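Scrolling down, you'll hit the structures one after another.
In the two complexes below, chain A is the common chain; its partner is chain B in one and chain C in the other.
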Partner chain A sequence: MTALAARRRHPLAAAAIVLLGLLVTGVAYAAVTPGRAQATTASADDVAAGKKLFLANCSTCHGLNAEGRNEFPSLIGVGAAAVDFQVGTGRMPLQATGPQAPKVVNKFSEEEVKQLAAYVASLGPGPAVPSAEDVDASKGDVSKGSLIFRTNCAMCHNFNGKGGALTQGKYAPNLEGVTPTHVYEAMVTGPQSMPVFNDSTITPQEKRDIIAYLQAVETDTPPGGVSLGAIGPVSEGLVAWAVGLSLLVGCAVWLGAKAS
Partner chain B sequence: MSTTTTAKAAGNLGNWADERVGASKGVKFLARKIFPDHWSFMLGEVALYSFIILLLTGVFLTFFYIPSVGHTVYTGSYEQLAGQTVSEAYASSLSLSFDVRGGLLMRQIHHWSALIFVASIVTHMFRVFFTGAFRKPREINWVIGSVLALLAIVEGFAGYSLPDDLLSGTGLRIASSIILAIPVVGSYISFFLFGGQFPGEEFIPRLYTIHVLLLPGIFLALITAHLILLIVQKHTQYPGPGRTNENVVGYPLFPVYMAKAGGFFFIVFGITALMGALFTINPIWAYGAYHPSPVTAGSQPDWYMGWLDGAVRLTPGFLEFQVLGFTVSGNILLPALIIPGLVTMPMILYPWIEQWATGDKREHHLLDRPRNVPTRTGLGVMAITFYLLLLVSGGNDIIATHLRLSINDITNSLRLLVFVVPPLAYVVTKRICLGLQRKDREKVLHGRETGVIYRTEEGEFFEVHEPLDEHDRWLLVQHDSFRPLDPAPTEDERGVKRPGARFDKVKAKLSSFYFEDRIEPVTPAELEAAHHEHHGGHEAVEGSDEAERPALAGH
Partner chain C sequence: MSIDQSHGHPGSDVATTSEGGLPERFENPGLEPHRHRMADVDPKAAKRAERQVAALFGLSTLGTILFVVAYYAVSIEGDSWAEIARQLRISTTLLGIGLALATFGVGAGAVHWAKTLMPDEERIELRHPMRGTDEDRDAALDILREGSAEAGIGRRPLIRNSLLGALVPLTVGPAIVLLRDTGPLPGNDLSTTFWKQGLALVHDPITDPEGLGRKIKPEDLTIGSVVHVLPEGIQAEEVEHPLDEIAKAAVLLIRLNPDDLDEVSRAGAYEGIVAYSKICTHMGCPVALYEQQTHHLLCPCHQSTFDLKQNCKVIFGPAKRPLPQLAITVDDAGYLVAKSPFTEAAGPSFWERG
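This part shows the complex of A and B:
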């Protein structure tokens, strides 16, 4: 103790304290932050094949080493989940410039998507493709999911996940028919205008709840009859005029015509 | 029972009533009341019947609805919301939808009926406006009707706010914000109405009382007054053979209209019930319970409030600014309070505005054909266009997603269009009306084109114009044609300024705005002259076989 006390005015003591502080904070942070899982199943072959695919299909914009340039983002550290989402839903490779990449038919095979993902994942650590258990709707709570969805997602995607408008032609897409895996990946990677909902914002269990809710919305029969798009009162007003009032005016004309 | 005994029983019953309450006089008056027949006269009926449907289904809903924001845990049969902490209002709305037999159907009929109620009021107003049925002596009924239309909007808003779902809460939040935007007193009014800071616990029971007691009471009173006036003043009719300002041509209330109106009620009820059974409306279960923090994309009011939402969406944000530390919310104040005032006041006062322009104090029981009043028709179409553009703006996000457009482009375009298109609609409509009037004149003077082409021996071609019979002709020449009023002299003969001269000048200006451009109906003298011209113009042709030959016009 006295030895330590004797050296406390040593010129390097301050530096040592700072170093110690940084070390403790860093280690604690690393321990507390949710771990960024790595796709472990990717083999070296996959990475090599993925690199070939990348050079052929993606490098024009994202650069030969996925370093990105100008408005095209670097793909280092975006993880396998980002690739699986963007390529798996056909958004990438981008077919045409526009306000945002639309969902189109994916022209890659499942194997090729996996290889591309393996290559991008090999460039730097990032979110991995979720496991089947992560996206298992049967393990989620529909009611909790509906609450979480309403608080975090409905402001853009609408109360039933039917999508909504964003600025300048961008939009939150309709979630109908989107696979649970892609829903999960969108949450962890935050594609395009979407914010990232990492595991500390929405825990993996809560993500499962959301997926369970979305599945329930898709599979449950709407209790009130034809749902009219489930986009709120606009379509209801249209039907009130186009169906209700037109029919009634038609009947009035019919009744009026019968007299004369 | 034979017919004679039935008739006798009915007679006895009638006698019984007559001897006690003197019913025969009133029944006789009503039963013999004559109503003219036209489909457009039935639009108001649709509104009346929708109101009855609303009362019937509404009473059913009150049996199960709990007007309270007290917290409760939802344990009903809708699994997507199982175990959520919600208000009693929301939980009871859900349970009346899912756990009461026929409850959801009743709720949906009630809501569809509300949309149709307002829509039919609006179309009824269109009919009354464009045919000039608001003219003397019906100005009061126009005002009552306008007040009913505005109250219907308030009633609808109060109604869809009751379930306390996410969308209705968002709507209430906007309502409270609009109140807050009133300078100086806004926050006091908001605290008074909501019983404190929004949302508080008072608004659901208060809205409930307004929705099921106060406004329906006012509705019943105003509708009664509206109908009494309709009966006291005879019904208007379209011009036609035998129809004058002094008579009403039609059928008596009993039995013809009793049967017709009764049947029509069931048609309205049937169509509304069908819609309630087939189409989802206001899926409160999907919106979830109201909580102040979430909001959903596609938050829109019901269609009749949509134009106000649209006006708010169009108003640029820079109208909100700070003065001496106080925020002036011009971006809300202008579209949500000033514009509705500017739109509804001229609507309510319109009968008098037009009276100033015409200087006409006579009673009118014959309706105008819209083309014969081009300025009024133009103004009406202008107002409708303005309204529609605001309504479209209210759905700008839905249009953006469904037509793949940029919401900014839509909003900016509408900001321009809302100023450009309504005046354009006015001009175009007025021109179309004047054109139609010219065509009417042409028809009266030269007859109807038959499409039959005659060729003379010399090779000249004529189209046969068949003169109108006097009934058809009367329809085209019977209307008034107003000329602009001359402004009365501003000073009397001694050079003293006459009181009211300034207002007269305004009236004269208004009058010339209305009647500067006009096509006058054909006068008998003009008709006579036209006939002479025809006979003189084609004497050779006319002379050949005059017995069957129709009059020819060579122009």
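This part shows the complex of A and C:
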């Protein structure tokens, strides 16, 4: 301590203090800011392998350089998140034309999806695949998530995320069993009919809240008893009218019948 | 009492054939012969019915016991909401089953008892004539006339008139005052909203930690972004009916490629960002199902579809008017603000809508 005190008037002391201050601030800032970097670092090999996969599986529609044509969108700037979502959920490569690409079993390995994503991400900057921390439901607030979900998502996906109909055969899919990563990616990329919810309109913390809410809806016991698919008044009304009314009519018939 | 006696003129109901070939009057066929029930003739069946009624009453007792036991035995407390929900579900189910058995058992037992064991011989009771005798009617009239003459209401017009002066205001006056309380008339409330020129567009405060609502910059929105926005300050304390105001002023902010917009909507847009009333012009549901690729807005209630590319023209469904556009611009600090209030009424149509 005395050695340090003796040197406190050294010409370089002020510079050292400033440097130390900057270092501490920088480290502290990096520690509290959530990681926005690529979740997986893509190597040049990944990009090359991804290009091969792209040419074989995607270029028929999206073009040899992913430039798109006619109704097939350009993939330049859609980012790794879009690829991970579309290919990871089996929606792409498109299996048949129709109002909407359905969720099917993904035919690609995890590694291949990563390579494809790396190639598309190399074409232009776009949203990256979220890190494990970004989609950690335990860091989310369920009740806040439910508010955000009801304000922004429930109109299409239903209050419980069970999905619902849109126009002309399109639909908002059921969110049950969708991985948190895919939920996150859908929000930032806006696949198909879905709007984009970037980090300014729904902050990363709010996205985590939504993921936590969706998990809670899936795992928690509904206090109201049998949920009847949790799709709202349609199934509940059907049961109330068909079962409830039949019972009442049955009672009325019994009341009016004469004993034998 | 037999049916023939009741009519007093046996034989007068003999059918006489009219022109149509149908008898003019039908003979009263009287009651069907009484059919005895099993329990009336067979003591064993009666005993069985008795046991059934007792069993239904017993079921009711069990239901009540189940209800009371479930009320005390199933705790609805827990460490987590999930656990509480689980307990609540068990508790509600048992309480419901118990109460259902208890009430249904009593009712069904009583009905079964009445139907099988209580006497069921048909009986006829005739109606009495409604009209009083002429003497009674005259006597009543005399009393009224006498009373009126004794009160002297015809001789003393001052009393009669002042009584009328008391009774007419008593009935009409309160009616007017009370009906007035159902007001006030809506005035121009239906035509106006909270939006004013220069008012900032903010995120819905409900999801905001400070409860104020974040302001929005144009660069916050990417193409395809949708934000549910409200006017700044709509939840301030001095706003008298904030929920009414939100119900009229909710707006959907959407960014699309400026080339996709037509001339009219581009005039109220800011760099491809458009703001439209979120309240359906049909029945006032929130129109919030935005399809990013077709730029259609769908109302979930009756499937009215609005085309953003054509200034929210109705392209399907029962709505009759396009969603009104809120013209927007940016203020000096770069935040999105309203350029002017809505130029027409937001929400469903109403009679006096100009």
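The rule we apply is simple: the second predicted complex is superposed on the first by the 207 of 260 C-alpha atoms of A that agree within 3 Å, B and C clash if a C-alpha of one lies under 4 Å from a C-alpha of the other, contacts with A are read in each partner's own complex, and residues count from 1 in each chain.
Please note the rule applied: a residue touches a chain if its C-beta (ideal position, glycine included) is under 8 Å from a C-beta of that chain, and two chains touch if they have at least 3 such contacts.
Not measured: the values here are computed from a predicted model.
Peer 1: If you tally the residues of chain A touched by each partner, is the higher count for chain B or for chain C?
Peer 2: On the superposition, B touches more of the residues of chain A.
Peer 1: Which partner does A:G177 reach: the first (chain B), the second (chain C), both, or neither?
Peer 2: It touches nothing on chain B or chain C.
Peer 1: Would you sort A:P195 into first (chain B), second (chain C), both or neither based on which partner it touches?
Peer 2: Touch partner of A:P195: chain C, not chain B.
Peer 1: When the two structures are overlaid on chain A, which partner does A:M155 contact: first (chain B), second (chain C), both, or neither?
Peer 2: Touch partners of A:M155: chain B and chain C.
Peer 1: Is A:L147 touching the first partner chain B, the second partner chain C, both, or neither of them?
Peer 2: A:L147: touches chain B and chain C.
Peer 1: Does the superposition put A:V249 against chain B (first), chain C (second), both, or neither?
Peer 2: A:V249: touches chain B, not chain C.
Peer 1: Can A:P11 be said to touch chain B (first), chain C (second), both, or neither?
Peer 2: So A:P11 meets neither chain B nor chain C here.
Peer 1: If you stack the two complexes on chain A, which partner ends up touching A:E206: first (chain B), second (chain C), both, or neither?
Peer 2: second
Peer 1: If we overlay the two complexes on their shared chain A, which of chain B and chain C does A:T219 touch? Say first, second, both or neither.
Peer 2: second
Peer 1: Quick check on my understanding: which residues of chain A belong to both its chain B contact set and its chain C contact set?
Peer 2: 147, 151, 155-156, 164, 166-167, 172, 216, 220, 222-225, 254-255, 259-260
Peer 1: What part of chain C is in contact with chain A in the complex they form?
Peer 2: Contacts found on chain C: 37-39, 81-82, 84-86, 88-89, 92-93, 111, 115-116, 120, 203-204, 206-207, 217, 219-228, 254, 286, 288-294, 296, 298, 300, 303, 305, 316.
Peer 1: Note which residues of chain B are touching chain A in the complex, please.
Peer 2: Residue positions touching the partner: 37-43, 45-46, 78-84, 97-98, 104, 108, 112, 115-116, 119-120, 123, 166-167, 251, 256, 260, 263-264, 267-268, 271-272, 275, 277-283, 285-288, 291, 293-303, 306, 394-398, 400-401, 404-409.
Peer 1: Spell out the residues on chain A that touch chain C in their complex, using ranges where they run on.
Peer 2: Checking each residue of chain A against chain C gives 144, 147-148, 151-152, 155-156, 164, 166-167, 170, 172, 190, 192-198, 200-201, 206, 216, 219-225, 254-255, 258-260.
Peer 1: Touching residues of chain A toward chain B in the complex: what are they?
Peer 2: 99, 142-143, 146-147, 150-151, 154-160, 162-169, 171-172, 213, 216-217, 220, 222-228, 230-241, 243-245, 247-249, 251-257, 259-260
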